[in-house]
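Right after this note come the structures.
One chain, chain A, links the two complexes that follow: it is found with chain B in the first and with chain C in the second.
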Partner chain A sequence: MTIFIIQLLNSFFYAAVLFLIAAGLSLIYGVMRIVNLAHGSLYALGAYVSAWVVGGTVGHAASGTLGLAGLLLLLPVGAVAVAVVGAVIEPTLLRPLYRRPEEYHLLITFGLLMILEDAMKFLFGGTPLTAGSIMDHMGSIPIGRLLYPTYNLFVIAIGLIAALGLWWIIYRTKFGVILRATSQDRRMAAALGLNVSRVYVQAFAIGCFMAGLGGAVVVPAQAAVLGMGIEALILAFVVVVIGGLGSLEGALVGALIVGLVRTAGIQFFPEIELAVLYLIAMAVLLIRPTGLFGRA
Partner chain B sequence: MSLLETVHLKKYFGDTHAVDDVNLTIEEGEFISLVGPNGAGKTSFCNVVSAYYSADSGKIIFQGEDVSNASVTQRVKAGIARSFQLVNLFDDLTAFDNVALAIFSREGKTRNIAALARRDSEVTREADAVLNQFGLAGKRNELARGLAQGERKLLDVALAYALRPKLVFLDEPTSGVSTRDKGQIMDTIASVVRGEGITAVVVEHDMDVVFKYSDRIVVMHQGAILAQGTPAEIRKNEQVAMILIGSSGPDAFSRKD
Partner chain C sequence: MSLAVAKKGAITSIGPSAWRPAVVAIAILLVLAALPSLVDPYQTVLLTYGLIMAIAALGFNLLLGYTGLLSFGHSAYFGAGAYTVAFIVRDLGAQSMELCIVGGLLGALLISALFGFVCVRHTRIFFGILTLALSQVLWSLAFKFFWVTGGTDGIRVASAKLTLLGGFVNFAGPGSFQRFVFAYYYYVLGLFALATVIMWVIVHSPFGKALQAIRDNETRASFVGISVRRYRWIAFVISGAFTGLAGVLWVPLNGLTTPDILYWPFSGEIVFMTVLGGFRTFTGPIVGAVMFNYLKTYAVASTEYWQLLLGVVLVVLVLALPSGIVGTAARLAARFTRGTS
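Let's turn to the complex of A and B:
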């Protein structure tokens, strides 16, 4: 029973991180109709920046004066940095290509992926970076007769808050109405006098922030390593294929499914764990090509 | 000063002279109908003035200022709005949100993060007032895609109206609705437009509607203005009757179809 609860929590932890990545990917696609292949690398960038800041001299200083609170305050720096990168990328690299066919979107974002991967190799080197001090500071709580890292529960909470926050922004705010209108018909939104370019920058920056946040919350538990972005991108695609690209609910449900299947896979069928995920994605594509929550 | 003046306005599509040297002056507060056979250039004219098409040559003077090179957004801000022949609504948003969007757009405060939280009672009140004026208060929370054709037409006009334009182009606001709904839609539009002193240019095919509501009728043919005048003057114009319904004589316009 205890093992079961712990495995469930592990899948929620995993799902929370996946949701952050996939929700950003989905948001960007929903608004701009761009499949951002660089999304995984933006997640990795967030991880690297957060680990570098928290694990570096700034982190030591913050931890010295403020303790755990100081470190937690520094953790989102990676997400903010990625949002800033996004706010630069959208108007300079993506905007000139919106009117072009999709191949161009894939080419430019794939190029961006390569550049980001190399930039990270150049900036942070090949050594894994962690922000493990946060995990250590937070300690563990007993579940049954076992100990579970408190930090994992913290990440699950962040995932939930992010889901609720995004839902609130999209469905309950003025910005959300404008965002949904722009995503439905950018020409018409422009006709109404809405500033579509600004909405695009904001949406892209929010999507990047989500990816960066995913990276930031991961590094206290797992080190930032080269190649983590590609792996995350593929899993994020499995999530949005299952849930439906462009749907927030889809990203949430897809992340939960992938999280649960992956955890169960590691426990019960490690040899074919990834294969099972792809099979599920395939089945969804065959039965509902737009994903569980997607619209044609 | 006239509200709008077009000077030698031209827009060609290959050999088609969609707008051919149109000089039209519109005074503030007028209710103008733009009529003419299909392909006469009525919609093209609206498109050029509202910046959906760029003119090949000529000038567009709005309130004394040359707006010929202004973008759609800039012209909306200046006070030129329009509705479309094929209804343009955000189908996945509620009627209320559609109207609220127009108000947001007019306010143009989207940069201010604090103003982005939506519980803005002023916007809510205004959007509800607009819905009420167009008789759509009961449909407030319904998705636009679920509305009846007549209601969609009205909501489309309501969106243009919520931009608080000085000049509004309504492209066939009654097309595709029943004869019974036509009168109701036009009554609503006319009462709002006249009540608020908005200048309106309405593209319309139904001559009964045109004669009933217009201050002035502008007849277009092959991209050019063929005739213009009061309903009484146009009614007497045999050349216009020939072009519009292919017959002349004193009873040409009273024929019902």
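Let's turn to the complex of A and C:
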């Protein structure tokens, strides 16, 4: 029973991180109709920046004066950095391409992926970076006769807060209305006097922020390594395909499904664990191409 | 974009249609045939890789350029061909390259028929994601079932043990690798020429025209009586077979097959080379594949950050030269001839 609870928590932890990545991917697609192949690399960038800041001299100073709180305050730096990168990428690289067929969107974001992967290698080197001090500071709580890291529960909470926050932004604020209007009809929104270009930059930056946040929260538990983004992107794809591209609820449910299946897979069928996920995505695409929550 | 295509169509129909490209092709083939005696073996190996990737890109472009479907999972068919050859050599002890080709083609055909059957139910972005997801199924299997596939170590295929042309050419004894490189270049060149001719015929056949009609307007194409999904499926299988053949030919030259060729960034490379050459032209993928191969080799040799370099090239290409090398050259040539006449 204890094992079951711990595995369930593990899958929630995993789902929380996946949700952060996939929600950003889905938001960007929903508003701008761009499938961002570099999204996984942006997640990796967030992980690297956060690990670098927390593990570096700034992190030591912060933990000396403020302790754990100082480190936790530094953690979102990665997400903010990625959001800034996103705000630069959208007007320079993506904006000239909106009128072109979507093949070019895939190509340019693939080029961006190659650039980002090597930029991270250049900036942070080949050795894995971690922000493990946060995990150590937080300690663990007993579950049954076993100990479970408190940090994992913290990440699950972050995932929930992010889901609620995004929902609130999209469905309860004026900005959300503008976002949804632009998503439904770009030209109509522009005709009504909305600055569509600015909405696009904001949407892209928020999507990038989510990816960076996913990287930032994962890095105290798992080290940032080269290639982590490429792997994460495919899993985020599986999530949004199951849930429906462009749907926030879909990203949440998809992340939970993938998290549960992956945890069960590692426990019971480790050889085909990944293959099963891709096959689920394929089955969903065949039966319900728009995903569980997608609109046509 | 549509204007450029229309112009190009006009150019090809003005000239004496069949013999001029044929003469140019034969001239290029003769130059290619003379090259190994002029350049050092390393260049021959590089060119062999380039020609092999050209076959893959040619197959890929039947889908992208002629049917209008962007596959992000062509690593699957390349890998299916490569791994089938590795299995044939390792488990059946086969030595004949022809046997490997037949087996590898069957493997690639099987996989592409299966995957294609699923994927052609969608177009546009969903097609891309489906092909991507399916190729990753193969990757994860090759990655995890290490007792079958060797995992990340891959499977070794020794070129010295292989024979070409039904045992007529073998590489036992001293100087094996040099002789293999020399003979294999001509072997690949022959198959490349054959593949190009077959693709030319396919593209210019009524079937090829039907594919282009589907690409340009699916609804009208189905009104004319073309069964869109079946045509797409057939195009998918042909495309997979070409890419599979490239995978088959690639293995003995590389000497090793690893899950890397099934991983999705490799699919991205196939897309990259096709766009580099220009996917709206027949020769674009060929030029693009050979160029990409050189570009990558020299980038890898000159900097640790070769991926960054290639990424910048791709971004600049998409922003500035979306019609690729051949497309841009054709446009410039058209402007030049118009200017002089």
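Basically, the second predicted complex is superposed on the first by the 296 of 296 C-alpha atoms of A that agree within 3 Å, B and C clash if a C-alpha of one lies under 4 Å from a C-alpha of the other, contacts with A are read in each partner's own complex, and residues count from 1 in each chain.
Please note the rule applied: a contact is a pair of C-beta atoms (placed from the backbone, for glycine too) under 8 Å apart; a residue touches a chain by one contact, two chains touch by 3 or more.
In this text the structure is predicted, and so the values were computed from the model without any measurement.
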item	value
Clash or fit (per the criteria above) of chain B with chain C on chain A	fit
Partner chain in contact with A:Leu106 - chain B first, chain C second, else both or neither	second
Degrees between the directions from chain A toward chain B and toward chain C, using C-alpha centres, nearest 10	90
Residue contacts on chain A - larger count, chain B or chain C	C
Contacts of A:Leu146 with chain B and chain C, given as first, second, both or neither	neither
First (chain B), second (chain C), both or neither touched by A:Ile234	second
Touching partner for A:Val35 - first (chain B), second (chain C), both, neither	second
First (chain B), second (chain C), both or neither touched by A:Ile5	neither
First, second, both or neither for A:Glu117, with chain B first and chain C second	second
Minimum Cα separation, chain C to chain B, after superposition on A (Å)	16
Overlapping contact positions on chain A, where the chain C interface meets the chain B interface	none
Parts of chain C lying in touch with chain A, wherever the complex brings them together	64, 70, 72, 118, 121-122, 124-126, 128-130, 132-134, 136-137, 140-141, 143-145, 263-265, 268, 271-272, 275, 304-308, 310-315, 317-319, 322
Residue ranges of chain A touching chain C (in the complex, touch as defined)	35, 37, 93, 96-97, 100, 102-104, 106-108, 110-119, 121-122, 230, 234, 237-238, 241, 245, 270-275, 278-279, 281-282, 285-286, 289
Residue ranges of chain B in contact with chain A within the complex	52, 72-73, 76-77, 82, 88, 90-93, 97, 100-102, 104-106, 108, 110-111, 115-118, 120, 123, 159, 163
Chain B-facing residues of chain A, complex	172-178, 180-181, 184-185, 188-195, 198-199
